[in-house]
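As structure tokens, here come the structures.
The following pair of complexes shares a single chain, subunit A, combined with subunit B in the former and subunit C in the latter.
Showing the complex of A and B:
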């Protein structure tokens, strides 16, 4: 049996994840050292040992299950206290090793926890419809085909430029209401399953005191809806994108 | 997974279907796999190929979310997805996916 580590929180005398269920229906417990508390639960070696884990990570339904369970624990804990989520599948052999890890990185953890305290992460995605080229006659020959292709591309690029301009304006506005902003990779159409294109995928670290203004601003940015532009918000998330301690 | 585990990352006024009022898998994976603190654990896994893994997930997620919207769980019963591929199969599959990706990139660059 090993210990799966979900997140690190500031030291708490009471288990901040009391009553929370972790992987494989085991309760999440708290291990403390160096002014910090790690949220952990036991996992069976036959499922999480080196070679098995590597294979399991490539087994996508397994990956989905663990990702959702990991997220459920982090999410619940982040509602109760400030946490730094750990990368999925951070596992230690025994309790002693978890405490060693806390002590080894304590200065950085404490600094990062201070940075995200009373903040939440909000996801903001902007989608833009691709502009369709106007209907044109069948090209008569190769040369007119090429000309038509170039015209169509120019028309579409112009549409995209306009959308990117809108996205940049949204980012500038949100930056003013955020402590930090991180750009995620734009999500692939294969991933979103949408006909429009993801042109901006932001994580915003927003102070809880600015939360209402932040969300109200997004509502304003949605109105009036620019042609073909969709703005989506998710959150509050635990500060996944701002937990880095490098 | 129970519905309660989907309650996080609640979208606000989000039009996306299939998220059941909760966070969608793509948003979750983007964070738990790509973000969060990276520190060395005692069990080491090779995350070097994380980009490829992400691509594979992207392909799967797209189908899984769509399937779930339709109430279908074929992927849980598809032996190629659920019985655990052998290493050789994975290597082959990785090569095939890389080729597909290159092709897709090429097509996009052409457009």
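Showing the complex of A and C:
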């Protein structure tokens, strides 16, 4: 039996995840040391051993199950108190090792928890429907084929430039309303399953006091909707993208 | 108009499964975010690779679930 760690919070006398169910239907407990509390639950070694874990991560249903269970714990705890989520699959062999980890990084954890206190992460994604080149007649010969290809590429590039310009403007505006901003890699069309393309994938750390202004600004940015541009917001998230303690 | 998820409340509905977070949004955060510690179970890949292999698993599985386009 090992301990799977979901998140770290400032020390709380009562378990901030009381009544929350973690992986494999085990209750989430609180382990405290050095002014901090780690949220943990037991996991079987045979499933979370180095080599097995490595292989399991390539197996989508397993990955999804762990991701959703991890998030459920972090999300519930973050509604009750300020937490720093840990990277998925952070596992220690016993309680003593969890407490050692807290003590070893306590100054950095406390600094990071203060930084994200009373803030939430919001996800903002911009999608662009890249313009299709106009339908043209079948080229009569090699030369007209080449001309047609060049025209099509120019039309496509102009559409891309325009979309990127819109995305940059949105990022600039949101930066002013955010304490910090992090750009995630753009999502692969195979994962979004959408015909339009993800051209901006932001995480914004927003003070709770600016939340309404932030969301209102996004609504404004959407209207009037620019041709083919879709802005999506998710959140509030626990500060996953702002949990660096280095 | 896209979906706005506010603590699970759907402000504007435009998604198929409004009550379920998109896995890709979740993995953006769980595999590339969070505090990185050296636990006792250490994966033998760099963090970037971890994201990469997991996304590869995801893409492969998404593609397998779809009829081939040819």
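Quick notes
Criterion: the second predicted complex is superposed on the first by the 246 of 246 C-alpha atoms of A that agree within 3 Å, B and C clash if a C-alpha of one lies under 4 Å from a C-alpha of the other, contacts with A are read in each partner's own complex, and residues count from 1 in each chain.
FYI, contacts are C-beta pairs under 8 Å (C-beta built on N, C-alpha and C of every residue); 3 or more make two chains touch, one makes a residue touch a chain.
Note that the structure is predicted; figures quoted are calculated from it, not measured.
Aligning the two structures on subunit A places subunit B and subunit C in clashing positions. Once the two complexes are laid over each other on the shared chain, residue contacts for A:123 go to subunit B and to subunit C alike. With both structures placed on the common chain, the touch criterion links A:153 to subunit B but leaves subunit C unconnected.
In the superposition on chain A, A:60 makes contact with both subunit B and subunit C. By the document's definition of touching, neither partner reaches A:176: not subunit B, not subunit C. By the document's definition of touching, both partners, subunit B and subunit C, reach A:232.
Contact with subunit B, but none with subunit C, is seen for A:72 once the two complexes are overlaid on the shared chain. Once the two complexes are overlaid on the shared chain, A:193 sits against subunit B and subunit C alike. Shared-chain residue A:144: touches no atom of subunit B or subunit C.
Within the three-chain overlay, subunit B meets subunit C in a clash at only one of the listed stretches 23-31, 77-85 or 95-103, and that stretch is 23-31.
Judged by the document's definition of touching, subunit A residues 2, 5, 8, 48-50, 53-54, 57-60, 63-64, 67-68, 70-71, 84-93, 97, 101, 105, 112, 123, 184, 187-188, 190-193, 203, 215, 230, 232-237, 240-241, 243-245 lie at the interface with subunit B and also at the interface with subunit C. Across the complex, subunit B is touched by residues 2, 5, 8, 48-50, 53-61, 63-65, 67-72, 74-76, 84-93, 97, 101, 105, 112, 123, 153, 184, 187-188, 190-193, 203, 215, 219, 230, 232-237, 240-241, 243-245 of subunit A. Of all residues in subunit C, those touching subunit A in their complex are 1-7, 21-37, 39-45, 47, 50, 53-59, 61-63.
Residue ranges on subunit B touching subunit A, taken from their complex, read 1, 4-16, 23, 25-39, 41-46, 53, 56-62, 64-66, 75-76, 81-82, 84-85, 87, 90, 111. Taken in their complex, subunit A has these residues touching subunit C: 2, 5, 8, 48-50, 53-54, 57-60, 63-64, 67-68, 70-71, 79, 84-93, 97, 101, 105, 109, 112, 121, 123, 125, 127, 182, 184-185, 187-188, 190-193, 201, 203, 215, 222, 225, 230-237, 240-245.
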